[in-house]
Amino acid sequence: MNVKNELKAAMWLEFQIESNWTSPLIFAIYNILKPVGAALVLVAMFYVVVGAWTGNSLAFMYVGNAFYMILAQTLFSIGWIVHDDREHYSTLRYLYISPTPYFRYLVGRSITRYSLSIVPMCVLLLLGLALKIEYRFNLLLLTFALILGFVFIVGTALLISGINLLTARHGGAIGEAFAGIFYLASGVVFPVALLPGWAQQIALVFPTTYWFSIIRIAVLGYESDKFMGGFSVPDLCLYLTTLSFVYFFLAYLLFRFADTLARKLGILDMSTTY
Amino acid sequence: MHADAIKCVNLSRDFRSKGKTVHALKNVNLTVKKGELFGLLGPNGAGKTTLIKILTTLLLPTSGRAYVYGYDVEKEFRKIRPIINMVAGGETSGYGLLTVFENLWMFSQFYGIPNKTATERINSMLARLRIQELAKRKVRALSTGERQKVNIIRGFMTEPLIVFLDEPTLGLDVETARMIRKFVKEWIAENKERTVLLTTHYMMEADELCDRIAIIDRGKIIALDSPAELKKLVKSDVSINLEIKPAIKLDWLSRIDGIVGHTAAHQDGKVKLRLVAKDDAVVGEVVSGIYKENGKIVSLHKDEPTLEDVFLKLTGRGLE
Amino acid sequence: MNTVLLNLRAIRGRAYPRIVGLIREPSWIFWETVLPLLSISAFIYVYRSLNAPPMYEGFVVLGGVMTTYWLNVLWSMAAQLYWEKETANLQLYLAAPMSKMSILAGMAFGAIISTTLRATTILLLGIFVFHVKFVISSPLLLLLVFVVALLALYGMGMLFASLYLMWGREAWYLNNLFQEPVYFLSGQYFPVKALGTFLAAAASIIPLTLGLDAMRQILFPESIPWGFLNPWIELGILSVLTVIFLVAAKYALDRIEYLGKTKGTLTMRWQ
């Protein structure tokens, strides 16, 4: 089997698992309602303080949140795969001994989840018109960001999967919890400039910080975060590209390490539910 | 107390899926007496597990009635649950991060057994099945055989009046399976009130353990008696084992008069054939048929009739 | 056998793996305590970016504390019976003589212990890192609201556990679906009154909504103008909700057990 077919099979599986539990209509609602709920929390927070339904700060957090949903939903979904394969469907061992590397299987499933998450993001942008958010799209820059976004999001998914190979299944949604790191440190819903100095330096290590800055420029036409405003667009693109690939490579190495360690410890098909 | 441990009256169960109906049990009538070790013998998909699920109060019949210790499984299931337990083969019950002892203790709590009693029973049964050293090991680190011994303890430690064993030795090594069979035999012999209903598709197991056996096929009980009486059904027949090389076609066998049934197992380029025939006379015809197919007979011998032969005679098919 | 004793032992039995699991699988501290703290911190920064008064940061901490219980109800209660079915434990639970409510209560008891630890961490973060100041105007009322809100919340979790068992795999997705919309409707990080009377009243079916609203008023007296109802009335409604959820959970569990036995789905995996 070639790489294309392997990825296709994994993508198909992800789509089946994500969608075949219900009708297409309910699936569409499901896919959209969660991000809308998250956006409404922010809108309400803005309203109780400012007393209005529109403003620049709202545009900042609304757009950041809409694109964060791609990250959060992909990681949420991928964060369950190892535990599901290991303890729910009991297929992890069979996937491991198949000729398709488990890493490639995870990438395939991430492609589907990432693509599915773009739809609710578009719906959110559309709903943003009701909040009088003025969009000035730069489609080239946006496409560039979405492609690079996939690289580091899959990298993070691999990292989480590696950790999951070594840890127990707990109740919560661990992928989403992991996404919280970026939510706080990457200027998603508030400017990085508000973070303490040491936290700003950490923010610069994450590709997401540059990603969200590029997203704002590509969607709103400006960057209102004073800290990130110091970067030119070519610089942002350069940092995003470099960090995304470095990040992916490191995540891949960590996944391989976790994979080897899990087999060494004999815990690849352990059962940990409690 | 009622005389019968289990009683099924015209018991049927259908499963409906996507417009299709599967008749898993068809008008089953069955009585198991207290103190009996009763076997349900049948191939996969015969309805054995469905019957066990109904009797253990996990599934309702589509029609008919079933009683456990005189209690109706449909209406009086709360009275049944304290007096039964069940163990299935290949089961992975409990929580992997708990030790063997902790898992067993947890299940004992669901039956309200006081701590001290639970501890005594668990320790005594661990010793009896020679796995005391596993008490502090996490369940997820057990081998298949060890896990099944723990399941057996889980099923018996609550001192039920009836234990349902669903293929309890499935996939186990010879030694572990033997130990479990021995345990079950001893357990039932200790107290006349105790009853076991065992499902299996291993005829040797049914033959060795059971006082009476019901042979079940496609949801119907097709024979019910003691193993010795059941084997009398094929007493006048001849059972012949043949090993043929290479693995030739055998569809012509059904055209030979006098053959009651046959099973064939293909393995390593050979075919192991078991024939049940009305008499020896068919042997010549079978041998010449094999030569016609360019087969070579590696071995041929007559055998004592088994329960599998009974099944073969009744259904024309093998148990596997 | 004494039924009360049987069920108390069953509760203890099912709570045990939950509590032991916390010690044996400490990775939960990272996933369920450290990481959620990050998103709570982010929401505090959102208010700071809007130059909101400090009280609003307190709303986030309080919302964060109560949300840990909500998430726990969703993932460790509501989805749990479905998971037990998938791991083949459910049939053993069903065939055992104790009330199935004891299994749910045991799960809830174990879960509350772990979640309280997590909620305390969030509270400490709020106090020591973000310097949130709470003014406990009525300790007794606060305690009553907190306890009754938890009872109602876990009662709701018990009800969901039964329903999810019937819905099968959809349960997992419903959990995911319920998260954010409930954050919004319950006024997780903002006063629910902002949603308007009609929406806030409708959202009061979620125990989190009135629980949070009452506690906000008790802990931050300057937020009283933002209060939806009087905290005592909210306590009364929460008490009624607790009874309704527990009774409904018992009914649903019996009903679903019956339906499962009729359809043969109680022991059928991967559906």
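By written order: A, B and C. Residues from 1 in each chain.
The criterion applied here is as follows: a contact is a pair of C-beta atoms (placed from the backbone, for glycine too) under 8 Å apart; a residue touches a chain by one contact, two chains touch by 3 or more.
Computed from a prediction, not measured in an experiment: that's the story for all the values here.
Enquirer: If you average the CA coordinates per chain, which chain's centre is most distant from that of chain A?
Expert: B
Enquirer: Which chain is the middle one, judged by CA centres?
Expert: When every chain is reduced to its C-alpha mean, the one closest to the whole-protein mean is C.
Enquirer: Whole-Å distance, chain A centre to chain C centre, using C-alpha means?
Expert: 26
Enquirer: Rounded to a whole Å, what is the gap between the Cα centroids of chain B and chain C?
Expert: About 45 Å, centre to centre.
Enquirer: From the mean C-alpha coordinate of chain A to that of chain B, what's the distance rounded to whole Å?
Expert: Taking the average C-alpha coordinate of chain A and of chain B, the gap between them is 51 Å.
Enquirer: Of all the residues in chain B, which ones touch at least 2 other chains?
Expert: 92, 95, 97-98
Enquirer: Mind pulling the residue numbers of chain A that touch at least two other chains?
Expert: 168, 271-274
Enquirer: Going through chain C residue by residue, note those that touch at least 2 other chains and give them in order.
Expert: Chain C, residues with two or more chain partners: 17, 20-21, 25, 87.
Enquirer: Write out the stretch or stretches of chain A touching chain C in their complex.
Expert: The contact residues of chain A facing chain C are 21-22, 30, 33-38, 40-42, 44-50, 57, 60-61, 76, 87-89, 163, 167-168, 170-174, 177-178, 180-181, 183-185, 188-191, 194-195, 271-274.
Enquirer: For chain B, which residues are in contact with chain C within the complex?
Expert: That would be residues 13, 15, 53, 56-60, 78, 81-82, 84-86, 91-95, 97-98, 102, 105-114, 154 of chain B.
Enquirer: Which residues, counting only chain B, touch chain A once they are in their complex?
Expert: 92, 95-98, 139-140
Enquirer: Chain B touches which residues of chain A in the complex?
Expert: So the residues of chain A in touch with chain B come to 168, 270-274.
Enquirer: Please give the residue numbers of chain C that touch chain B in the complex, ascending.
Expert: 1-2, 5-7, 9-10, 12-14, 16-17, 20-21, 24-25, 87-89, 91-98, 103, 258, 261-262, 264, 266-267
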